[in-house]
Amino acid sequence: MTQAAVPSLLERIKGLAKSWIEVASSAKSGETLSFAPDLPEDDLDRLRPQLRGCLDGKGGEVSARARAAALGREYLSLSAEGRRRFLKLVADEFGPDPEAVDQAIAALQQAPADKRAGVEQRLREVLEPPRLRLLTQFNALPEGVKFLVDLRAELAGMAKGDAGLRALENDLKGLLSAWFDVGFLELRRLTWASPANVLEKLIAYEAVHTIQGWDDLKNRLDSDRRLYGFFHPRMPAEPLIFVEVALVQGLSGDIQQLLDLNAPAGNPDTADTAIFYSINNAQRGLNGISFGNFLIKRVVEELTREFKNLKNFATLSPIPGFCPWLESRLAEGEAGLLSGIEHRALAQISNGLTAKGSLKALLADPAWVADDHLAETLRGPLMRLAARYLAEERKSGVRALDPVAHFHLSNGARIERINWRADTSAKGLSQSCAMMVNYLYKLDDIEANHETYAGKGKVVISSAVKTLLKG
Amino acid sequence: MTQAAVPSLLERIKGLAKSWIEVASSAKSGETLSFAPDLPEDDLDRLRPQLRGCLDGKGGEVSARARAAALGREYLSLSAEGRRRFLKLVADEFGPDPEAVDQAIAALQQAPADKRAGVEQRLREVLEPPRLRLLTQFNALPEGVKFLVDLRAELAGMAKGDAGLRALENDLKGLLSAWFDVGFLELRRLTWASPANVLEKLIAYEAVHTIQGWDDLKNRLDSDRRLYGFFHPRMPAEPLIFVEVALVQGLSGDIQQLLDLNAPAGNPDTADTAIFYSINNAQRGLNGISFGNFLIKRVVEELTREFKNLKNFATLSPIPGFCPWLESRLAEGEAGLLSGIEHRALAQISNGLTAKGSLKALLADPAWVADDHLAETLRGPLMRLAARYLAEERKSGVRALDPVAHFHLSNGARIERINWRADTSAKGLSQSCAMMVNYLYKLDDIEANHETYAGKGKVVISSAVKTLLKG
Amino acid sequence: MTQAAVPSLLERIKGLAKSWIEVASSAKSGETLSFAPDLPEDDLDRLRPQLRGCLDGKGGEVSARARAAALGREYLSLSAEGRRRFLKLVADEFGPDPEAVDQAIAALQQAPADKRAGVEQRLREVLEPPRLRLLTQFNALPEGVKFLVDLRAELAGMAKGDAGLRALENDLKGLLSAWFDVGFLELRRLTWASPANVLEKLIAYEAVHTIQGWDDLKNRLDSDRRLYGFFHPRMPAEPLIFVEVALVQGLSGDIQQLLDLNAPAGNPDTADTAIFYSINNAQRGLNGISFGNFLIKRVVEELTREFKNLKNFATLSPIPGFCPWLESRLAEGEAGLLSGIEHRALAQISNGLTAKGSLKALLADPAWVADDHLAETLRGPLMRLAARYLAEERKSGVRALDPVAHFHLSNGARIERINWRADTSAKGLSQSCAMMVNYLYKLDDIEANHETYAGKGKVVISSAVKTLLKG
Amino acid sequence: MTQAAVPSLLERIKGLAKSWIEVASSAKSGETLSFAPDLPEDDLDRLRPQLRGCLDGKGGEVSARARAAALGREYLSLSAEGRRRFLKLVADEFGPDPEAVDQAIAALQQAPADKRAGVEQRLREVLEPPRLRLLTQFNALPEGVKFLVDLRAELAGMAKGDAGLRALENDLKGLLSAWFDVGFLELRRLTWASPANVLEKLIAYEAVHTIQGWDDLKNRLDSDRRLYGFFHPRMPAEPLIFVEVALVQGLSGDIQQLLDLNAPAGNPDTADTAIFYSINNAQRGLNGISFGNFLIKRVVEELTREFKNLKNFATLSPIPGFCPWLESRLAEGEAGLLSGIEHRALAQISNGLTAKGSLKALLADPAWVADDHLAETLRGPLMRLAARYLAEERKSGVRALDPVAHFHLSNGARIERINWRADTSAKGLSQSCAMMVNYLYKLDDIEANHETYAGKGKVVISSAVKTLLKG
């Protein structure tokens, strides 16, 4: 969005502290790299010894870092193709030394049991590719950690079908996993008094319920709201993941109401329920390195400490997979999906609208959601189908098909309530037929719920949802 | 020292935020561990499933961390023997799965070239021992990083002759190397306005020239001094390494003068020379993870920015290996060490003191250093021998025998000046015959000096030291 | 503006730390005040003893403060009329004790010379009205200082023609003058990383060149801009005065260009000129307590330190009084204002436009500014008239008639350049016929310029402006 | 004390930011003041116009401040005599203009009632002496506020018998009262992680129970202790007043125990009592500007929030006036002080010691406190006399004679318990015959107690103390 356009990393790094860069250029005076954007063959030939120079230990570690920083800057100035060629070189020519690997394997195969630990370690060492050390050195860039996080996001896009790039991406994942260990993350509460350059990231990164601008953001930071994120000490202006919470009376079942700019703020001190209405991973480059469950746990702790009257912790979540699933089921025919009575009701109501009176036909026109009469007729069957989708549909036979359901169920929540016409935005309509779910985190049951789901593969649901399923 | 006794980690952790611990105990209610200090066999049997529980993924990552934190606390309450048994269990029973390793090796040996990268990575993964994941989880302790740093220091002591413990110690080194990458360290200047709990660590950790108390410390933080350290964001009260600098006119050649509490502070704005008179690694658990050269480079940058008149950067360093080396040479006879004239001079002066008039006999009584006449006679031969020791004696034929000399020479310094009666403390006397060295860092020559030493194995010395060598 | 609506003080205080309030209510349990909004007579009767209670010393100072805080809260809940009545009571019934004043006067009139100092002081003490002590106690409110600043702004509106309220307003001015002594103010640079709740105040308070929203603001905080403000430690989110600076090459003569969101940022490190293009007093309640000249001085210091290439410090300022002045002159006839040639030129160009061809008639239609031909004809006379207005027109015969000119001239600036079509906004057009002025602060001349203007009453102008005057 | 010698203000200011000074010297180039230390007559003559220059408005406010800063620096370099002469000049020659005062008085005497407010204000204005504006300008010094606080302390010493200096000191008190309004003070908790330069001030300023060094200090900051102080934003390293608290079970009656370095720390979470065992005003220059009662109130709030089990808040206080009072009573004869039985007991026990066996004679030798038998005999009468002194002896017939008792009683405390042999230090012995008092702050009774004491002049005591009085 233009309003709060986040500067690209390149722009930011250009303007930043240049201490390492300066060291680099002073160290290797005269020599400027300035590659062509697409990094043609002869630039590759000039790049190769530079990369070697970062690893050979001549000139000392300090110079190596400085050189790596200079290369990182070069990388940022390349075109997409140039970057791919740069990374390909790193991936393919800086892997483990095959001979050393073979020797270490031979040693392992001959090692007596009581020496095995040491020999295994030796093998692990020679398997550690020099390209990993190269990547680590980019940490010397002023925003080096962010550089590597973004690099992994780029690599993920390029790596398909290329074992070398995939390996490089994997190396990077390992490195970032160590660096982003949850023990290093800081929980920070963001408020309207937080730095604007951090707040604009929220506007840019919020993907569940788009933030419409600074007024919308300010409203989400009002006295009856809380917004928490995890941050890394070396990326202080970049949230890694953040969650938005509303402090209310009873379960909230309507996102429009929650986000209404004109609604007055409630009194948080008397609130009995904390509604987690949006949780966003903000860094694509950290995919697969999870901290969502830690975040929820920590936020529950914080809220409990601050608000003595809080009793319930629940989400107000979308059902992102429902419509796609429903469509594919409808494509197979509606017989098993609706009861006879429902069929007749739909046929009747859609008389003037469509020849077929089918659910598929009715849903095709998004206007249904604004038509009270029509919506009322659809309510019964859609709520039941949503309950069925959430509670019974599985992926690989084990985990809940819906990804959001899976996330909360593994964290120990239960499916508490399905809310009708809870998100009538275009996205809500096309993903979830405008429904939303409350997942309830009951502190005393979290452990048991988790066991039931993760251990025994059973989904925990409330009696209200059970009733829906029967209906 | 009692004055500023640093609380043990155990004490500190006891009093700290208990959030994880509480989660742990709530998660596993009822169950308290409370092992006997020596961790007898049946306690080991209770520990084993606990450790497994941290790894099996049941109960979720959050609980696993909490459980690890509880185990970490238990560990701290054990005796030395109990700790050894605890770590031995971790080392021996949580190594890589041999079968998985063998399979991955077989797969590698059959892999076609273009798939090798992926298969290598698979092998690396199975070689990554579960015990490493266990150790990582201790990061959830309130001072988890310090816990692991101290743990490695303990392990280093225990590991001798035990391949398992050595492997564990090595795993930990790898983990800490990633976490303590120099890109994560903060350079902090410490002043008299710094927190007392950080300053007391300086008193405790200074090993080159012991800090005698708070007055001595305050004097070293005066307006003509600078003290910089590297810190890790998760160990904010623990310096990793620190350097003490005096801003003076010309090279300082006398440590007594520099540390004199009654000497008035100089004017730092007119100083032309920064003397690095003490550099200390503060964490034994980070041995082998070096950042000394980075520190010096960064401090030179800072000082250059702050003081426009600075021209020279030099150390005032001990020669810790000189006396041991000299003794072993003297034991072989003094013939090659002294000239005839020197011999006679010594014989003459020691007439009343000793029958033999040998250097060895003269040095045996530390009173020589206070005897101006005697000292003057010894000055010539000892200065020459020190120059020879520093410039010519090698370890494994390559690096300078003296460890301090080696450190500075690899960083690109040159041996500038040897200072007579520069440190007459008991330690200075017994290590270096009271001499000290200035290593000079000339900004324009650092790179070349480094190459000369690290590349060609030649020690760079000033003309004054050359003259000494000839003498 | 709605986008960044600043919460009213009342709203903010409601949600804030209640420590004093709680003490108050616990101290005086049971008793709630809750006055009617217009503060009718019997509420006044209840208020009177409460105010006395704040002063009589019974219950101790702590309770007095708490009680004052409670009264402050009441005040904020009153209507405009209620507030007036509240303040009238304070003003009229809590003045100095006339008897005590008379006695002290008598004592002074009889005092011998060497005792006079003490007796004068006694008189000053009895003249210090109790209402001042009352006001001081409102400082106990969570945002007490801001409360009093806003109170003075309110009083200024009410006080006209009411000696009592005017005296109260004056008391408050004295108190705030002591509290806002420039020695207590902090110079803070605001950037895009500053708290959003501070930045939104800039949007709300900028009155010279309205900030259109967050994008406009972000542009004014770009790398080639600086924004500094003075803050008081007890009003940390409220700028008192702030100045916006652009770092450019040469004098800027066009505000449109400076504020263009699409213009690329310049390189501040090579800039030779700092343009102060907007300076705003943000708190009406601090009228008459000046710190503008301190701000400019401090900002010049900061910029000089940061940017080594800066040579010139100048403003780009409106001429707010020009059009009103011109209109009143035109009303008197145009004879003395235009030369014969100019008259003919205007007559010619306005042929089809207006019968009279007068300057007055031409300026009446703001479209002239966009008509290149017409504008070019007007340029000569208007520039000359502006120069005459700035350099020659005086208020009370001494100070420059234009308030902005007076401000900068007293600070030691000189009128450097008048810029044509420099601000074509509606406001620029109606105030200054779209012209703007550069006032130049030449560091070496500031003192002398100040003397020339403040001492001798002469306006310092550049040779270019002199030429205009002659033209 | 040498260990933590606090640098003098002069030393500190010398090394500090010189921005104002530089402005000053650049403003008035060439002209250096450099007065002789004793400020002889011709230096006074040079000083006079400088002081005038700070007030006449020529050169602008910024220059005036800069000039004042330069004069402040000169002041600090003068001898005691020079300083007195400097201040005398300021006091005597920069008072109110007598003519203007007389005119304003005449105007007041003729003013109609409804104009009186304005005319009074005018009179107040002309009574405001220029010297006050001069003093205010010293706030421009880098540590200007501290400068003025220290200046008042100096003035207090000089002012005796000099109406002019006394008036100046009074002006300063008024200024400081406005600046140090309790609304501006920050409550800060000091811990072992606080800056060393702040902590050393505690060592220097603690006057009740001397802090023996850094170990003693660290012990007073242990986990079962709290230390709070008030700070001013412009004197961030200088506590204004601070209080030391121990968290214990039941009332503490023995200061030796509380301060024992070897005693283990208690568990603060289970403590039911907070003992305020030392409260110190740290700035002599703020005498008469009280914030002690605010501090206690705020600390009680903080502690209540942090520790849920706290029920009692009490002091452990010295009885500084007891021994002087007792001595003067004993000088009048012991008849009324001791009962017949007590007399005989004393006579019996002191048989071998003294001819007279009088209390006076027994107390003359401080060894009594270590003699269990003798002490036991003295216990009864001394405890009773202490109770009588505290509860019944008055100053001017109203307030408790003992200053510490008066302070706590006016704050709403009650005399709870007198503790025998509670402070056997030399000071405790000579002030209080080694006794100490617990003053109890019962939250519900504070208001009523205060009224009883301040309103009705009655001292509130516990039943235990009542019993003592009867005994």
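All chains are identified by letter, namely A, B, C and D, in their written order; residue positions are counted from 1 within each chain.
Note that in this section a contact is a pair of C-beta atoms (placed from the backbone, for glycine too) under 8 Å apart; a residue touches a chain by one contact, two chains touch by 3 or more.
Note that the structure is a prediction, hence the values are computed from the model and not measured.
Trainee: Taking each chain's centre as the mean of its Cα atoms, which chain lies farthest from chain C?
Mentor: Checked the centroid distances; the maximum from chain C is B.
Trainee: Averaging over Cα atoms per chain, report the distance between chain C and chain D in Å.
Mentor: Distance between chain centres: 41 Å.
Trainee: Indicate the whole-number Å distance between the mean C-alpha point of chain A and the mean C-alpha point of chain D.
Mentor: Here chain A and chain D have centroids separated by 59 Å.
Trainee: Between chain B and chain D, what is the gap in Å from one C-alpha centre to the other?
Mentor: Result: the chain centres lie 48 Å from each other.
Trainee: Each pair of chains that touch: what are they?
Mentor: A-B, A-C, B-D, C-D
Trainee: Tell me, which parts of chain C touch chain A in their complex?
Mentor: Its residues touching chain A are 2-4, 15, 192-199, 213-215, 218, 223, 237.
Trainee: Going by the contact rule set out above, which residues of chain B touch chain A in the complex?
Mentor: 19, 23, 27, 57-63, 65, 91, 95-96, 98, 101, 105, 108-109, 114-118, 120-121, 123-124, 127-129, 136, 139-140, 144-145, 163-164, 166-167, 170-171, 175, 178-179, 181-184, 233-234, 290, 293-294, 297-298, 301, 410-412, 447, 450-451, 454-455
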